[in-house]
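Each of the next two complexes has chain A plus one more chain, namely chain B in the first and chain C in the second.
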Partner chain A sequence: MKKHPRLLSLFLFLGLFIFVIVPFIPLILSSLSFGWRWPDVFPQAWSLRAWEYVVNDGRTWQAVGISLWIALVVTSVNILLAVPAANALVRYRVRGRWLFEAIIFAPIIIPPFISVMGIHLSFLRFGLTETVLGVVLAHIAPTLPYLFRAVMISYQTLSVDWEDQARMLGAGAVPRFFHVVLPHLLPGILAGASLSVLISLSQYLITFIIGAGQVVTLPILLFPFISGGDPSVASAYSLLYAAIAIAALAGMDAALKRYYQTNRASQQEKGENA
Partner chain B sequence: MRKFPIAAFGTLALALSACSSEEAGNAKDADSLLTDDWNVVQDAAKGQEVNMYMWGGSDNINDYLDEWVAPRMKEEYGIELKRVPMNDAQDIINQLLDEKVAGKTDGSMDIVWINGENFKAAKENGLLWGDFTGQLPNFNDYVDAEAPEVSEDFGEPVEGLEAPWGKAQFVLVHDENEFGNPPRSMSELAEWVKQNPGQFTYPAPPDFTGSAFVRQVLYETTGGHEQYRQPAADIEDLEERLEPMWQYLNSIEPYLWREGATYPESLAKQDQLFASGEIGMTMSYDPALAASEVLKGRFPQSTRTYLLDGGTLSNTHFLSIPFNASDKAGALIAINELMSPAAQTAKLSPENWGDLTALDLEKLSPEQQQAMNEVDLGEATLSIEELEQNRLPELSSDYIDIIEEGWTEHVAKD
Partner chain C sequence: MWQKTKPYLLLLPAAATIILLFFGGIFDGLLKSFGYFPAIGETGFSVAAYDRLLSSSSFWESMALTLRVAALSSLLSAIIGAFIAVALFFLNDSIERTSPKPWHRLFQLPLTIPHLVAGYIMVLLFMQSGFLSRLLAAMGWIDEITDFPVLVNDPFGWGIIFAYAWKEAPFVTLMLYPVLSRIHGSWREVSRVFGAGHWQFIREIVVPVMMPAWAIATFIVFVFTFSAFEVPYLLGVTYPSVLPVYSYQLYTSGTLSDRPEALAVNVILAAITILLGLVAYYFSKRWNVLKGWG
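Let's look at the complex of A and B:
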């Protein structure tokens, strides 16, 4: 383990720097620049115009709130769907199992545009367009596969013997799930949930078509600026978007750590009581 | 147990469809707004929330609506004007088409900003409400309804389905300090690109502006626009007539940016090349865009726009009301207000937007005219007079399709 820690960490740091930090530098410069002409390496003049527009526009913060709320609800629903589905498909002999898996993974392969056109017509009839509920339902299709896959792999490494043991010791179905299964699944759920949050946050087309302009998430505000060619405002929005995504991931990570800590503490307590 | 999921889905579907059929009644009596007294319309509009669906990629235009127009609408008429950002007007049409198919009657789009192909598609599919412009006091007082640029939208008769909001005209953009004497005709341009290889290009059609440049070439190399006043299908030798245009475009190709091996995919990309100094000229269908880019610091201070000697293409952009708009009274009031001399004068200023007025200057009072003439358009923009005297009409969309396909065939592939 401790053979080349320096070299390895240097390598990792360089990789992180080149692929994660460096792309942000031109974004930051561009969002603050007032004209940036070739062949200047750095902008000659600076302006806060783009940031003033982004920060002062009331819809920006509304959009941040709605984006996060949708991502959160979508991910919660995904967890509720993915855990039982993975449980069934991994542990039971389901006839036509490949078909169920194919259906769940299909949104990764089929372009969302095709399915969302059909979804749109149905949602119009159900009165689900222009609602957050409709957007949440539409976001489930492209995000569920990632969560499902992560949970499925967690289940594959969990032997039924653990639960049998708990059962022999007298644990019912509910305690078995919460004290034996869930702690094992949790890292997988978190990995899948992170992807689910990120993918939900980045949806433009689906949100746009189902939300029909009434559900304004951050990408809805950002896209016209990218295609319309205002690099300053587009850069400022992109940075804000990245900050929100990173904050969401950090928040989830912190929540998991807290869960483990309180869990351990409560188990210790129980141990002492016994 | 096995039948449970089906039963659950059935109940869900029923519950959902019950929600949607409630509000179907509101559209029925809206049509009387087309003939009602204007006061009645104003009373009906009070307290309505009007959603205006429009392209949202310019902070200037967005701010003009959010900070100039919306507060005034609220104060004077009690109307909440809500701008909804769109990436492309085409999306508005697709959305409305689906709503029409699904029979949605309580649509959320109250005002849409469209023109050209999108208007044609909307009109052909019955996506627009009706002949409403005659109801608007500001349309009746200040607009020359007979003028071809108001009565037709890219050759398509408007028939009162949309109200003119502003005008645009094709201009070429150059940096005065880099190239003092820019080419003012297609033959001069052909010479110019030979002397300055790599400094000129145009966005690849079907980009809106690139396609307009090709039409500009068409007018000059094939003998004027009058011959194209008839439907494209009626001209039997159309292919031969277009031939000189393809020859011209291919003859300048080797001297373009990257030797014409590739073209910028959009005007935004081309403007980026100009802004970064990689090419010496760009173009715009918005005569004041260069001035507002100078204000933003993107284009150099010495940027200027100019026209071709033979005149340049011009078009009008319009506001319309969809068939299923929920707040039609509010939409009428808002469109009328957007066409008021005060709103149009504010829109003309490059600080707000820099969009040419749709009103007929001669119908304005002397004070209103003066207010408009006093707007500082910025050094990069030509005077309204000079623009108006050099306007050429647009082609109808059947030609545009032929030209855009032809460009891929004759120019891009060769």
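Let's look at the complex of A and C:
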């Protein structure tokens, strides 16, 4: 039966590799090329010109900073909104639960630009357009449902008994939250936060409508280059943008792992002391 | 009293934020699509924008393009995504469980790439002077740039479809893989005892097991591609354009009189996505696919 398991595995792995990795090759080649003429498969001349342009242009790092700042603020607000709401929906008897779920999950289904186009003129009247605050407000609806969902799943596995036990041992509401509830929710919060950051980082249209070209995030900076600008610079910017999205995710992941390691270490210490 | 109102107070900030920022915007747009626009002195209600829209051929061409692109993108993502899921399933099966599995992270890579970057990747790959065209020229299959078909910024929407297939196929895989991993190794052995080969095992066991999750995942991709803006804005043509781009073109065309029409497109889009979303939700509950989705 298993005549060529290795051959089959190799074949499957190769297919996966071509599908995922090979599309990046022209992007990398283009960012390092100097006048890449058809039909050369590889550029005749190499150059770091595009990367020098991207790295030395002050707008690049400003855009990176603003993008990350917006994503961070949006995600922090989302955490503050999502944790109590998830708590209420998972652990209390709530009348009209379906309505609350429908409200909070709606932005997953209905595209956010529909709401943003509608609210645009009101934002204009309140002076929220062309401001970072306005863009932050526009980013909340599309990102909150994902964080809410992740926290909800975490709450579902948190037994009320643990908190009751802490209460019996004399812990007040605040220590109970920080020492019992929060450590249990943290993985869920971080998983949801990664999604929230990723989604905030990749918004183009709603940032463009509300920011009106004045709030220059990475996608806003990138668009003129990829829609008919210098291909080398466009490729370098694209790679930088993708790298920052991946780095944000990897950073969250690493933070979670570190949290567990230090947590385990401190618990072992406590165990040895006792 | 406190115990009764507490959950509602806890829910209030999140629900109020979404109602104000999200539904408020949709409602605002709905009013303006009916011509209610106090800022420019219009306080009457009319369906003129919908009338003009539904009788214009460009709206219907836009609708047809949107449906075609969404249908082909979701179908292609479904096929590629299922293929990757089955491939991962067999890879895990044939390699010892102790070895690390880098491909589990590898296949998710396209999911983390922003849509605009994915779009530009497709430009570099599939444009007439793109990477694929260069490879074909190097192999002697084509002689001129113009021998390569126009696949980017083409009226049919191939570039958009390819971009979505690349980005969303891993999503389909992500939805399928947990279902597949419920298939036990013993089932495979039993099927072997009964003389089933690789293909028979896939056809008789693997496909039926993953069918419900597969259908739902495909449907979610359809709803998403139906209403997404960035990729068609970059990879499409000016006319005909998909509905979200069409709405944006109307909105930014310069005259205020076109805005109710743009917002009417949005209202129609919202209505369609809500309907599709309810269908997906109903079937996923019934088939118990989306565990943890509320």
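We adopt the following convention: the second predicted complex is superposed on the first by the 216 of 274 C-alpha atoms of A that agree within 3 Å, B and C clash if a C-alpha of one lies under 4 Å from a C-alpha of the other, contacts with A are read in each partner's own complex, and residues count from 1 in each chain.
Definition applied: contacts are C-beta pairs under 8 Å (C-beta built on N, C-alpha and C of every residue); 3 or more make two chains touch, one makes a residue touch a chain.
For clarity, every value in this text was computed on a predicted model and none was experimentally measured.
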Partner chain in contact with A:219 - chain B first, chain C second, else both or neither: second
Touching partner for A:231 - first (chain B), second (chain C), both, neither: both
Which superposed partner A:45 touches (first chain B, second chain C, both, neither): first
In the superposition, chain B vs chain C on chain A residues touched: C
Partner chain in contact with A:121 - chain B first, chain C second, else both or neither: both
Common ground on chain A, meaning residues reached by chain C in one complex and by chain B in the other: 38-39, 117, 121, 125, 223, 227, 231
Partner chain A, residues of chain C touching it in the complex: 6-8, 10-11, 13-15, 17-19, 21-30, 32, 39, 80, 83-84, 87-88, 90-91, 94-95, 103, 106-107, 109-110, 112-117, 119-125, 129-131, 133-135, 137-138, 145, 166, 169-170, 192, 197, 223, 227-230, 233-234, 244, 247-248, 251, 262-263, 266-267, 269-270, 273-274, 276-277, 292-294
Residue numbers on chain B that touch chain A, as the complex places them: 13, 16-17, 19-20, 51, 53, 55-59, 62-63, 66, 84-88, 91, 95, 98-99, 101-104, 108-109, 266-269, 271-272, 275-278, 296-300
Residues of chain A defined as touching chain B within the complex: 33-39, 45, 47, 49-50, 53, 57, 117, 120-121, 124-130, 208-209, 212-214, 216, 220-221, 223-225, 227-233
Chain A to chain C touching residues, read off their complex: 1-2, 5-6, 8-9, 12-13, 15-17, 19-21, 23-27, 29-30, 38-41, 80-82, 84-85, 87-89, 91-94, 100-101, 103-119, 121-122, 125, 137-138, 140-141, 144, 148-149, 152-153, 156, 198, 201-202, 204-205, 219, 222-223, 226-227, 231, 234-235, 238, 241-242, 245-246, 249
